[in-house]
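Listed next: structures, encoded as structure tokens.
Both of the next two complexes hold chain A, though its partner changes from chain B to chain C.
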Partner chain A sequence: MNMIDALTTAFQLPFMMRALVVLLVLSLAAGFIGVFINLRGLEFLTDGLTHAVFPGLAAGFIVGGKDGALLGAIIAATAATLLLTWLSNRRVGNDATTAIVFTALFSVGVLIVSTSSQQTSGLEQLLFGHLLTVTEAEALTTIGVSALALAVVLLTFRRQLFRSFDEEGSAAAGYRVLLTDVALNVSIALVVVAASAAVGNLLVLAVLIVPGALARLVAVRMGYLFVTAIAVGMLASWLGLATSFTLSVDAGFNVPGGATVALFFVATYVLALLYRTVVKQVRT
Partner chain B sequence: MARRKTLAIKPDARLTITGGEFSYGDAPALTDVNISIAPGEAVALIGPNGSGKSTLLKGVLGLISLTAGEMYLHASAEACAAADSSAEHPEGHIHEGAEGVGYLPQTEHIDPEFPISLRQVVMMGRYRRLGWWRFPGSADRSAVNNALDAVDLRPFAKKRFGSLSGGQQQRGLLARALTANPGLLLLDEPINGLDQPNRDSLLETIRGLKARGVALIITTHDLDLARAVCDSVLLVNGRQIAFGPREDVLTLANLQEVFHDVQVEVDEHTLVLPGHDH
Partner chain C sequence: MSYFERALIVTILIGSLAGLVGVLVVLRRRVLFTQALTHVTFPGAVIATVLGASMQLGAVLACLALVLILSLLGQLRGQGSQAASGVLLTAGFALGVVLQALNPTIPVQIDSYLFGSILASTWADAAYVVAGFALVLLALLIWGKQVLFFLFDHPGAMAAGISSFWVDALLLILATITVVVSIPAAGAILAIALIAAPAAAARHLTDRFFVMMWLAPVIGACSGVLGLVVSRSFGLSAGASIALMAAIFFVLAWGWAQLRSPKASAKTTPTAVRA
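Here is the complex of A and B:
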């Protein structure tokens, strides 16, 4: 099967189709939210959130397997979001404090997984997901949690936009900044949770951060930003999945789906960066 | 030292504060506030950095709390209509939120690369009315167009906000505040860094607003601005030093109390005010 075939026929296989649907849903939610991450410059905080969710994932996984991992992640995400919003709102500490707190939480997560008998496969699954063996139940959960994340941002869209542009002005207009921030942080944490089965706790960063950053490079109008971010995520997901399938089936390399998709996300960003550099050169 | 006078509460006052104290947490940032501002009145809010100017603006907006005294606000369209149409206007209500209060922040903290058009920025002024769901309708669009006309920026509506000059950005944010039809407008250092044409245009807009009955509080370091458009002056330095008609308040004694060892231009003379505690 060549690459062109893989782009279509490979998805007749149920596990490939499931992986694709999960990624498309994630791309929709993460792309939309990712625009706000970029506009607000919250990449570092997002990184911190993924780390903070990890001990919850790990503890849940040990106690209750895959379903437990999800519940644990939701609990950890809620706690982490509140802690983080409180930290940044009180202006306690700085990036260093945030980094230390979240690295500590991440380490705790690793320790928890290490106590388990199935530690190697467990740790790897939690960190990098298991895109090609996502179960139907996991796929449904991903869709549900993503939809929730998207709903939170859509409901608070105007206040998010106002606050991203002008915090003082949004507060003066009567929007409570704390509430706005909690809503965005919750939706980021929800995407981290939603993505844990498919791409895992580390690679979710690519899905959350790259599309928004890329859109910012190529789009100058507000509306295009969201469309670009979502479309690019979906495209990278599709190409990445097809490529990993071709490499595994035809070439015999056993490449993990999640990492391949993440690399395609990064590749789209590099292309956009090149495009912009060229455009700037031509114009000047 | 405090010259305490009984405050004359003006008829139909847009804003009245009596014995007002505003605090961040436990620390009072501004005390002894006794002001009453009539429709169409512009107040210059003058004081050194850290003297409580922003505190007062934030207090009126309801962003920091009034820890003593009382504040009455009659700035929303409904309240203004009631006040204007009947001689016996309502007694006033205790301030909750800041309905009818427009705010013009300083532009320097705004990211010039932010991908948003001037029109989209001005539409933000309508967000509270639109609520969670509603899409902007024709009333919202015409409010935006009128506000853009009022600040003379209609032709620039589709431009990216960050690509406009500092003065145009300032006027754009003013247009945003105007879309909500405020009865009281708070301007934070509006002429900082403006060139002469933008400055003239802003003064013209302020005069137009006053003629429509909008009350204004304008923080400024510039006594010329106070002279050009303001009827009253509020001098603060951690507490209210003086409030009243411009010519009564801008006296050497008052200015000395507020500014130590700084140059102030009064009537074409440059004075170096001697300090008290240096």
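Here is the complex of A and C:
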């Protein structure tokens, strides 16, 4: 089977179609939220949140299966946000506190997984996902949770935008900063949860961070930022999925699908970077 | 000597080294950057192993590449160092995972690389740590004064002719050495806990720089030993236990600082560090 087939007819297979749908939905939600992550400079916090959600995912998964994982992750994300606000202190830089809180939570997750019986496969699946073997139930969960994340941001869209450009202005206009931040953090956490089956806890960062950063490279106006981020995410998902299919079905490598998808996200970013530098050179 | 005793020695060494360099990293507010360093060592080590070179060498080269790319990307609008390190970080992980999957025979285990494999450490690992420690101590003996001056009084140090670029470069090299040799203990994800937490805990306990310089290594070594003992008694992951122990020390130190002077909490200006 050649690459063209992998890009087109391969999607007639039900598991490929399911993976594609999951990734497209994720790209939509993550691309939208990713623009805010970039505008607010929240990449490090996002990285931390993915680590912080991990113990919730692990504990919830062991206690109550997939539904438990969702609930656990939301609790963990909220707890992490509150813990961070509480521990932040100017004696020690915020970056140090953030790193310590999030890695501590992540190690709790690893400890939880290391005590459970099916640890090896469980840990790798939680970290890197299992894109090509996503079940129907998992796909539905992903769609539902992504929709929820998108809804949270859309409902607070006005204040998120205001907050991104003018923190003091938005506070003066009566929007509560803490509430706005918690809404965005929760929606990031929701995307992390939604993506955990397909791309896993470590690689979800690509889906969340890269499209926003890329859009910022090529677009200037707000509307274009969102459109670019979402479109690029969807394109990279499609190409990444087809490559992963070729690698695992034809070549027989055991590559986590999420990893090839993440690499395609990064590749589109590199292309945008080249475009940006070339255009800049030509215009100046 | 049993494998556990060897692991104890390696942990004590790594804990003290990470604590020592952590003081500089925390005071200069370079934790975020060091975090990106720890993550990017992963593909470096995988590539080096595929090519048949030493893992440590690959990790060092990957760190240097990261520094170079970051400084170039940082000049673009809308691509702050955060966005740039975020992208590189994911690129690092994804690349590492794919390369590892494409070369199933290479002896880099994802689990042990991400979460540490202290119990499997060899005398070669110990030798690397000792060499790294020696380099860091040597650098601090030679340039410690300048670094100290720079950390306290940035404009003053610049006025006295200390180049900000070179001090930052020195800090970066020390951080790279520490990250590369610490990874066996806590892994690529958790090494940052071992670097940041002891130093941040020491910062909560004292305002004096020289006290921090020995307190942080002691806390780091204690976290290592306690984590290892806990992991052995309860059958838990060693790297995660060590990282968690360091975080517990941080929270205890934070609590102690709150008790000692409740007014010196978040809102007030911090007291400056003294020599």
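Keep in mind that, in the parts below, the second predicted complex is superposed on the first by the 268 of 284 C-alpha atoms of A that agree within 3 Å, B and C clash if a C-alpha of one lies under 4 Å from a C-alpha of the other, contacts with A are read in each partner's own complex, and residues count from 1 in each chain.
By our rule, contacts are C-beta pairs under 8 Å (C-beta built on N, C-alpha and C of every residue); 3 or more make two chains touch, one makes a residue touch a chain.
A quick note: this is a predicted structure, and the numbers were derived from the prediction, not measured.
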Counting residues of chain A touched by each partner, does chain B or chain C come out ahead? C
Classify the contacts of A:L263 with the two partner chains as first (chain B alone), second (chain C alone), both, or neither. second
Could you say whether A:R159 touches chain B, chain C, both of them, or neither, answering first, second, both or neither? first
According to the stated criteria, A:M222 is in contact with first (chain B), second (chain C), both, or neither; which is it? first
Touched partner set for A:A171, first chain B, second chain C, both or neither: first
Would you check which partner chain A:L205 touches, where first means chain B only, second means chain C only, and both and neither mean what they say? second
Using the superposition on chain A as set up above, list the residues of chain A that contact both chain B and chain C. 216
For the chain A and chain B complex, residues of the former touching the latter: 39, 155, 158-159, 161-162, 164-175, 216, 219-222, 225
Quick one: which bits of chain A touch chain C in the complex? Just the residue numbers, please. 38, 41-44, 46-47, 51, 87-93, 95-101, 103-104, 106-108, 110-111, 113-115, 120, 123-124, 127-128, 202-203, 205-206, 209-210, 212-213, 216-217, 247, 253-256, 258-260, 262-263, 265-266, 269, 273, 276
Chain B residues touching chain A - in the complex, by the definition given at the top: 61-63, 97-99, 101, 103, 105, 109-111, 114-117, 120-121, 124-125, 127-128, 130, 132, 160, 173, 176
Of chain C, residues touching chain A in the complex: 26, 29, 31-32, 35, 73, 76, 78-80, 82-87, 89-91, 93-95, 97-98, 101-102, 104, 110-111, 114-115, 189-190, 192-193, 196-197, 199-200, 203-204, 235-237, 239-241, 243-244, 246-248, 250-251, 254, 257, 264-266, 268-271
